[in-house]
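First chain A sits with chain B, and in the next complex the same chain sits with chain C.
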Partner chain A sequence: MTQIQSPLPGTFYHKPSPEEPAYKAQGDAVAVGDVIGLIEVMKTFIEVKAEAAGTFASYVAENEAPVMAGAVLAELDD
Partner chain B sequence: MTLKIVKPGLATSIQDLGRPGYFHLGIPEGGAMDRLALRAANLLVGNPEDAACLEAVFMGPEITFTADASIAITGGSMPILLDGEARDGWTSFNVKAGQTLSFGFLTGGARIYIAVSGGIATEPALGSRSTYPIGALGGFHGRNIAAGDEIPVGDAALVEEGRTVPVVLRRGPGNPAELRVLTGLYWYRLTEKSGEAFFNDTWTVAPEADRMGYRFRGGQPMEFVEREQPFGAGADPSNIVDGCYSYGSIQVPGGSEPIVLHRDAVSGGGYFTLGAVISADMDLIGQLQPNTSVKFVKVGMEEALQARADRKAMIAKIRKELV
Partner chain C sequence: MTISRLFIANRGEIAVRIIRAARELGIHTIQAYSEGDADMLAVKLADEAICIGPAPSKDSYLDIAKVVAAAQQTKADAVHPGYGFLSESPAFARALAEAGIAYVGPSAETIERMGDKVAARQAAEAAGVPVVPGSKGRIGTVDEAAEVAKTVGYPVMIKAAAGGGGRGIRIAADEAELRKLAPQAQAEAQAAFGDGGLYLERAVQSPRHIEVQILGDGETAIHCYERECSLQRRRQKVWEEAGAACLDNETREALCASAVALAQAVNYRGAGTLEYLYDSARNEFYFIEMNTRIQVEHPVTEMITGVDLVQEMIKVCGGEKLSLTQADITRTGHAIEVRINAEDPLMQFMPWPGKVGAMTLPEGEGVRFDHFLYEGYQIPPFYDSLLGKLIVQAPTRTEAIAKLAAALEELSLEGLKTTAPLHKALAADPGVQAGDFHTQWLEPWLEAGNLTKATTGGAS
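Our next item is the complex of A and B:
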């Protein structure tokens, strides 16, 4: 199990925009550098990228949840 | 020597103590959001207090050094790594040519200051190296730093390693953070009940908070004393005939979310300002993360001036420790 942590504090989004599906769903293949969500802070959206490859297990932080730096956002199965 | 920017972090900018004197022309003072932390970082590495440093917000950059230097990192708490090895904050240490500085996740505060012996030596604009991106002024070619930049640094002798600012002289916000406020010219626009609520409510830092202003939400909407809006003022009760804004002034557009104007703020406009955060507490705002709790505390002029004197005394103590 690999955890993806938030690089900075802000608001976490699963989707690129409200009308679109989440970046990843359970069972999706994840490659290094794949975007799994967005963090909004200071009127900027920052892409959260996977730093390890694996299979997407689940989001841990909820969509639109406030998160701190280092918070676990999602988990991958190795 | 230069600093090679491997990863820029988020909106990492060159800042010194700013360019006062142009606010009446709409050019903000700019400069470090946490001035005490910037001064301390410079003193630790033997720089003049107003030398230019890197200000990084919420996440640290990754930097490779092209020559030996003494460096210090102050402000918020973030694990500091030199070629992967931990180093202490608020403490000077030496780096060798080719070594890389990086950071872990932010654990406290919001902004760090990276001082390098010799100081950042970009071309000053209007007497300051501070970055004002909207005006393309100062900084590195008028902007925040980006991957691949090579930032020039002045020449200086190395300082002793392990010079440190005592913990009691490192200042950061509490939880909830308390920000002292002097009510201002337009305070009379609020009803008494609404004025009391502003100070009684607990507010939360909104994610929009940046160098221009810190926005707060979670308190009760403002109630205004009824009036016929004067000629030249907008229709909303939070509007005034355009006036000047001061550093630290608190405007409340639409009466809902107070915004404390900070280093890169606009200098005037058509929103009433209920008062101003006292100058002694502005550094604390620079260390607030989104979603943290804040209480505004009402003070008088005497207390505000005393707080300013206390702040100066604290900087003098740091100076005494390090010079």
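Our next item is the complex of A and C:
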């Protein structure tokens, strides 16, 4: 199990925009550098990228949830 | 009615500024805050505070029903909206009026009218305020466009009369180019909007942004001179001055008189700002829009005039007459404000919501730092990045820049990355020192690599 942590404090989004599906769903293959979500910090959106490869297990932080730096956003099965 | 319980529907440095102004007037202060702002400085300073909802602005500071309910619950008799959030919302002003609470700003009708660009332009023209020269209305043919362009003066901007959003905009330097571009613009407008009608106005080249501060009590309006805010990045002002050194006195007086004429014509109440483009090659100014609220950069005006704009707006919105006449407003020296944002200018202005460590703030005659920081404060990531504003005043512009550079050296905010290195580099730049800039100056300057670790000594 690999955890993806938030690089910054902010608001976490699962989707690129409200109308679109989440970046990843359970069972999706994740490669290094894949975008799994967005962090909104001070009105700027920053992409959260996977630093390890694996299979997407689930989001841990909810969509639109406030998160602190280091908070676990999602988990991958190795 | 005199205001005795003021509700502050804002956050950050402007909330602190409003509390200080109200306290000096003997007014009880009530600070609104979101769950993300429970430990902000304004909450600590206010006489009382009330939580209005979760951290996201849309669920707290932008929620009209929640803000009005909180103001009622705390028995506020007036609300100060600050800037941003609900400060230019006619619906908010109306909801407060219905609740019997005074609004520190103009009437909902004035906010609505001046917030509509077309209506504001019409009001300006009716008051004799110059606007960007253009066609009176829709242009149907290329010959007609060439005729109008001759009177307006080249270069001209051709826009689709229908729609907006920058589609179909072209700039023609002369008649030959206009005759080539106008049919293309017409075809594009026809395809995009089903209407090939065009609108034409002069393209102001390398304009400066100049604005006039006004105050009104609903009957009388006065001005507190102008500011120049041409140094902008992504349409955000980063460095502001009072006055505009590029203006001669005759132009300055005409500019300020035009602002008073418009404010008077709409029976303006409160503090407001009229924004203009200034074409220095032609020595002409054109009204572009009005902001019906206090502005971020108001302190530079306060520094050169000695007027407390926030106190004045509270007093007139409580029903008092202006305490000053135009003859009371004089200018002394030159003032500069720089915005200290929680961004790393050496990393593409990446936001940096850190925790405030040891703070050393510049002090002394003619130095002011408006902010909402304290040691140990964790800056919340949910709002904009403005941390504070460093403001200096000196007898001349050259001395003001030197004072700014010294104050920036003195300023130290451990634990944060801020835009202070940008301002140090700007203060040292010969173009800035000569006042030789315009609204499209800063971005190319940044792209050209003028801001590097070397120019700022590697320090932040």
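By our rule, the second predicted complex is superposed on the first by the 78 of 78 C-alpha atoms of A that agree within 3 Å, B and C clash if a C-alpha of one lies under 4 Å from a C-alpha of the other, contacts with A are read in each partner's own complex, and residues count from 1 in each chain.
As a working rule, contacts are C-beta pairs under 8 Å (C-beta built on N, C-alpha and C of every residue); 3 or more make two chains touch, one makes a residue touch a chain.
This is a predicted model, so every value here is computed, not measured.
Novice: Sharing chain A, do chain B and chain C clash or fit in the superposition?
Specialist: Pair status: clash.
Novice: Contact-wise, after the overlay, does A:Thr44 reach chain B, chain C, both or neither (first, second, both, neither)?
Specialist: In the superposed model, A:Thr44 contacts both chain B and chain C.
Novice: Pick one for A:Thr55: touches chain B only (first), chain C only (second), both, or neither.
Specialist: Touch status of A:Thr55: no partner.
Novice: So, does A:Pro66 touch the first partner chain B, the second partner chain C, both, or neither?
Specialist: Both partners.
Novice: A:Gln5 contacts which: chain B (first), chain C (second), both, neither?
Specialist: first
Novice: Per the overlay, which chain contacts more chain A residues, chain B or chain C?
Specialist: Ranking chain B and chain C by residues of chain A touched puts B first.
Novice: After superposing on chain A, which of these stretches of chain C ends up overlapping chain B: 148-156, 238-246 or 274-282?
Specialist: Clashing stretch: 238-246.
Novice: Based on the A-chain superposition described above, do chain B and chain C contact any of the same residues on chain A, and if so which?
Specialist: 8-11, 40-44, 46, 66
Novice: Sort out for me which residues of chain A touch chain C in the complex.
Specialist: Within the complex, chain A touches chain C at residues 8-11, 40-44, 46, 64, 66.
Novice: Give the list of chain A residues in touch with chain B in this complex.
Specialist: Checking each residue of chain A against chain B gives 5-11, 40-44, 46, 66, 68-70.
Novice: Going by the contact rule set out above, which residues of chain B touch chain A in the complex?
Specialist: My answer: residues 10-11, 57-59, 104-107, 207-210, 289-291.
Novice: Going by the contact rule at the top, pick out the chain C residues touching chain A in the complex.
Specialist: 36, 55-56, 342-343, 350-351, 353, 380-385
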